[in-house]
Amino acid sequence: MDITKRLGGEGYTFWGGREGYFSLLNTNLKKELDNAGSFFNMAVKYKQKIGANFQMYIEPKPREPTKHQYDYDAQTVIAFLKHYNIEKHYKLNIEPNHTTLAGHEFEHDIMIASAYGMLGSIDANSGDPLCGWDTDQFNMDVKKAALIMWTVIKQGGLKPGGLNFDCKVRRESTDLQDIFISHISAMDVYAQGLIAADKIIKDGTLPKMLEERYSSYNSKIATKIDNGNSSFEELERYAIQNDEPKQKSGQQELYETIFNRFVNW
Amino acid sequence: MDITKRLGGEGYTFWGGREGYFSLLNTNLKKELDNAGSFFNMAVKYKQKIGANFQMYIEPKPREPTKHQYDYDAQTVIAFLKHYNIEKHYKLNIEPNHTTLAGHEFEHDIMIASAYGMLGSIDANSGDPLCGWDTDQFNMDVKKAALIMWTVIKQGGLKPGGLNFDCKVRRESTDLQDIFISHISAMDVYAQGLIAADKIIKDGTLPKMLEERYSSYNSKIATKIDNGNSSFEELERYAIQNDEPKQKSGQQELYETIFNRFVNW
Amino acid sequence: MDITKRLGGEGYTFWGGREGYFSLLNTNLKKELDNAGSFFNMAVKYKQKIGANFQMYIEPKPREPTKHQYDYDAQTVIAFLKHYNIEKHYKLNIEPNHTTLAGHEFEHDIMIASAYGMLGSIDANSGDPLCGWDTDQFNMDVKKAALIMWTVIKQGGLKPGGLNFDCKVRRESTDLQDIFISHISAMDVYAQGLIAADKIIKDGTLPKMLEERYSSYNSKIATKIDNGNSSFEELERYAIQNDEPKQKSGQQELYETIFNRFVNW
Amino acid sequence: MDITKRLGGEGYTFWGGREGYFSLLNTNLKKELDNAGSFFNMAVKYKQKIGANFQMYIEPKPREPTKHQYDYDAQTVIAFLKHYNIEKHYKLNIEPNHTTLAGHEFEHDIMIASAYGMLGSIDANSGDPLCGWDTDQFNMDVKKAALIMWTVIKQGGLKPGGLNFDCKVRRESTDLQDIFISHISAMDVYAQGLIAADKIIKDGTLPKMLEERYSSYNSKIATKIDNGNSSFEELERYAIQNDEPKQKSGQQELYETIFNRFVNW
């Protein structure tokens, strides 16, 4: 933290890869979590004391090397931060590869962290959903890149923070130029994703479909629900007074088809 | 809720099996989570209004029928409850089978919920870690039952709440008596687990090993850490003044061996 | 089989979804496999008896509804057919979704079946690698479609056989038009895949890289190995006489980058 | 192989951990499999040439370090051996941990290899079904040990071959005595498993239930099916002449309950 401040670093990431358990038999979960809470509280105090203003991040990962890591995924870390009253001092550094290891879609933790205003930075690598360990591959999937960049644009960018490559070439690579090729290619993939996301937004079809799908959430009754001013009694009356609502199709395949148009052509 | 009150029910469980998404492309995560928050807030208000005093539970499940359910696991639900300020009104009803589907050990969600004072009740079934869906089998594993009952004893029991069987006989069962046999057997398994847990506690070897493993957490400096009265600076001084700590082995195999003695003979 | 013959059907697929076990405790594996062998032998004889000339297929699937299905994946089925001496009477109908459930890459069973001359037909759906059950989604991934079509072109097409959609719209679909949209879209995806595969082949870069990577397999010594005319002694002499071979990089990222060019722009 | 012969070794195991692929894009599956076939054929010839009579084993493993290993599981290896006409020269060395990584039950590959007369030796370790990598833990589960030993007894033992520990203590272990404790404990677990398996066989309840479950496989018509002397036509007549068969329950829970009695008390 001292060095980050001295160097003018804008961010400081905690990755607690050994903060977890190998067996529940020899583990006191609560003591370990409380201690982790104390640790992260002391980090907040120390940052204040040295007058640093970098952003602190926690990077979730479900396991490896431990069997179970306490920073399992985005929501688990948010729960942890809230429990120990330090949520305003940290953001999340999401590695999509870790997200799939936690059983979620590649882009899930990006989106859920963003939804709660906690997406700080992105470890822009990729994994192999069939291998149960952290492969740290270069992301070569433009569709996934487009989903991530769409989320980043929607939240107004990452500032501070950004996309960094926590990647390595595959084990079969023996040429130095592979490192060159893979970095350029993965950057291209994110550039293609950014272009696709920008087109999706400017075109407006998908955003409009999404808005339309949730349009009933803007009705008078929905606003009362949002504000905490409604009740089961009122909703019961509403349901009786109004006809059975017309069911709207989820149209997943249509969304996927339109999304494909921005990525593949 | 009205009927539960009228019947003198002591618990009311919410299982949001359809509260999740099939595709992130057509989903507004934040709106859906906020609405779920409003719903559970209204449930609190409604319970108060009708003067009911049953315990309300949320039962985590990671997926199925949806691809991703918002009540993914114990910690995700705790995060949700804290975010919407309703954590004191709900406890968790843990189904171990759902825990393995979320990528955690069978007993993990039981223990983590208990650690945070949120374990309310147990759906005492079992799953198949190799099948990716909810098999709702009768638990036939005494070791797992012992771990669960040990946790229940440690937190002083489940009151209200308890162990209920959300189980069904396998698809190949065609005899009525299988239902009889399976219920009795699974009850026996939990009874054996309870006996084993009781012996483990009375014998004291494992609890003492565990206490010993964490004994440095009771030192003067550890107490200051716990109380939030320490700092990185103090810990740095402490580390310099004191020798490198003697590393204690995790002894996982010893724990497993001793645990086995209480279960298998 | 009678009806297929009467209708002039060109193919007949066996899918043994219930031919597997739920528990090894109550199962005699060998008896069940031998009986399955007898069954498929009788099917061969019956087809001959009625003078039918349709192609018979077996469709591998690892589980669901059973915990373990005997037709686990392509190689397991090939083993089975060889053991019971009926491999020349059957081909495989591969469903990529089942392949991922068996822990293999989407395109793996297509390629391995093709490598052994056993790829007969394709159930052209897709699954969700994070959901452990058969979702039968419409394939919306052009990259995967390109890999499949590339394999199909390489083996000279599927004749008889073809691509059929064993797909259904998602649970959230309530509009009839979703069925229309999803079929058209998934057909488009395979058409895009076919165009990409054709371009890959005509462009020649990737096929040439692949040929180059295995070029030492065409050397004199390699031909002797292939023909079963070499030996460890000869290879030892060869290794001593020749210098350490220059190691060729696997260049996975370069392959992925070039492949992307044919799919994404 | 020379050294094994000189030392009087009774077995020689091939584990092809790097014989697989990282990406299908840069891989010629057929060439690699054919080369592997040539290699194992040359090993047969070399063994004959040096006049050795040790048993050769192949140890299946689905992945790690590669993304996909050609020796995926027992049935895949059996298919491979049959295809290259060397099945009588090799047996399998099964590591249960690898079996779960391939998506099968711990004991599955032991049983399936035994069913086909191919079980030669056992790497008696254990894995973690929730971690997707090879943890090589000491097996502490008596139930699993009992299933394995029951299979070994049924096939008349392993000769040559045996149970060897390919295990290591957990990462948190720092005491030398952990290695001592873990080996003794895991040996005890297999000893308990052997005692349980012996009791199961001598008691006879489970074997008799299993025999009874398959008793119709001993009928006159079943014998004709077994011998390849039946036909669909005959079976059709049989089905019409005889009443709908009385369905027998799979009784999985009863099997599990009785099995538990031999393991837990």
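Per-chain residue numbering starts at 1, and chain names A, B, C and D are given in the order in which the chains are listed.
Assume a residue touches a chain if its C-beta (ideal position, glycine included) is under 8 Å from a C-beta of that chain, and two chains touch if they have at least 3 such contacts.
Model, not experiment: these values are computed from the prediction.
For chain pairs B-C and C-D, the one joined by more C-beta pairs in contact is C-D. The best fit of Cα atoms from chain A onto chain B calls for a rotation angle of 180°, in steps of 5. Rounded to whole angstrom units, the spacing between the C-alpha centres of chain C and chain D is 25. If you average the Cα atoms of chain A and of chain C, the two centres end up 35 Å apart. Measuring from the averaged C-alpha position of chain B to that of chain C gives a distance of 41 Å.
Taken residue by residue, chain D touches two or more other chains at 22-23, 26, 63, 67, 101, 103-105, 130, 170-172, 250-252, 256, whereas all remaining positions touch fewer. Residues 22-26, 28-31, 33-35, 38, 41-43, 45-46, 49, 62-63, 67-68, 72-73, 75-76, 78-80, 82-83, 101-105, 107-108, 111-112, 115-116, 147, 206, 209-210, 213-214, 217, 225-226, 228, 230-233, 235, 250-252, 255-256, 259 of chain D touch chain C in their complex.
Across the interface of their complex, chain B is touched by residues 22-23, 26, 63-65, 67, 101, 128, 130-133, 170-172 of chain C.
Across the complex, chain B meets chain D through its residues 100, 103-105, 129-130, 138, 140-143, 169-175, 178, 181-182, 185-186, 188-189, 192, 247-254, 256-257, 260, 263-264.
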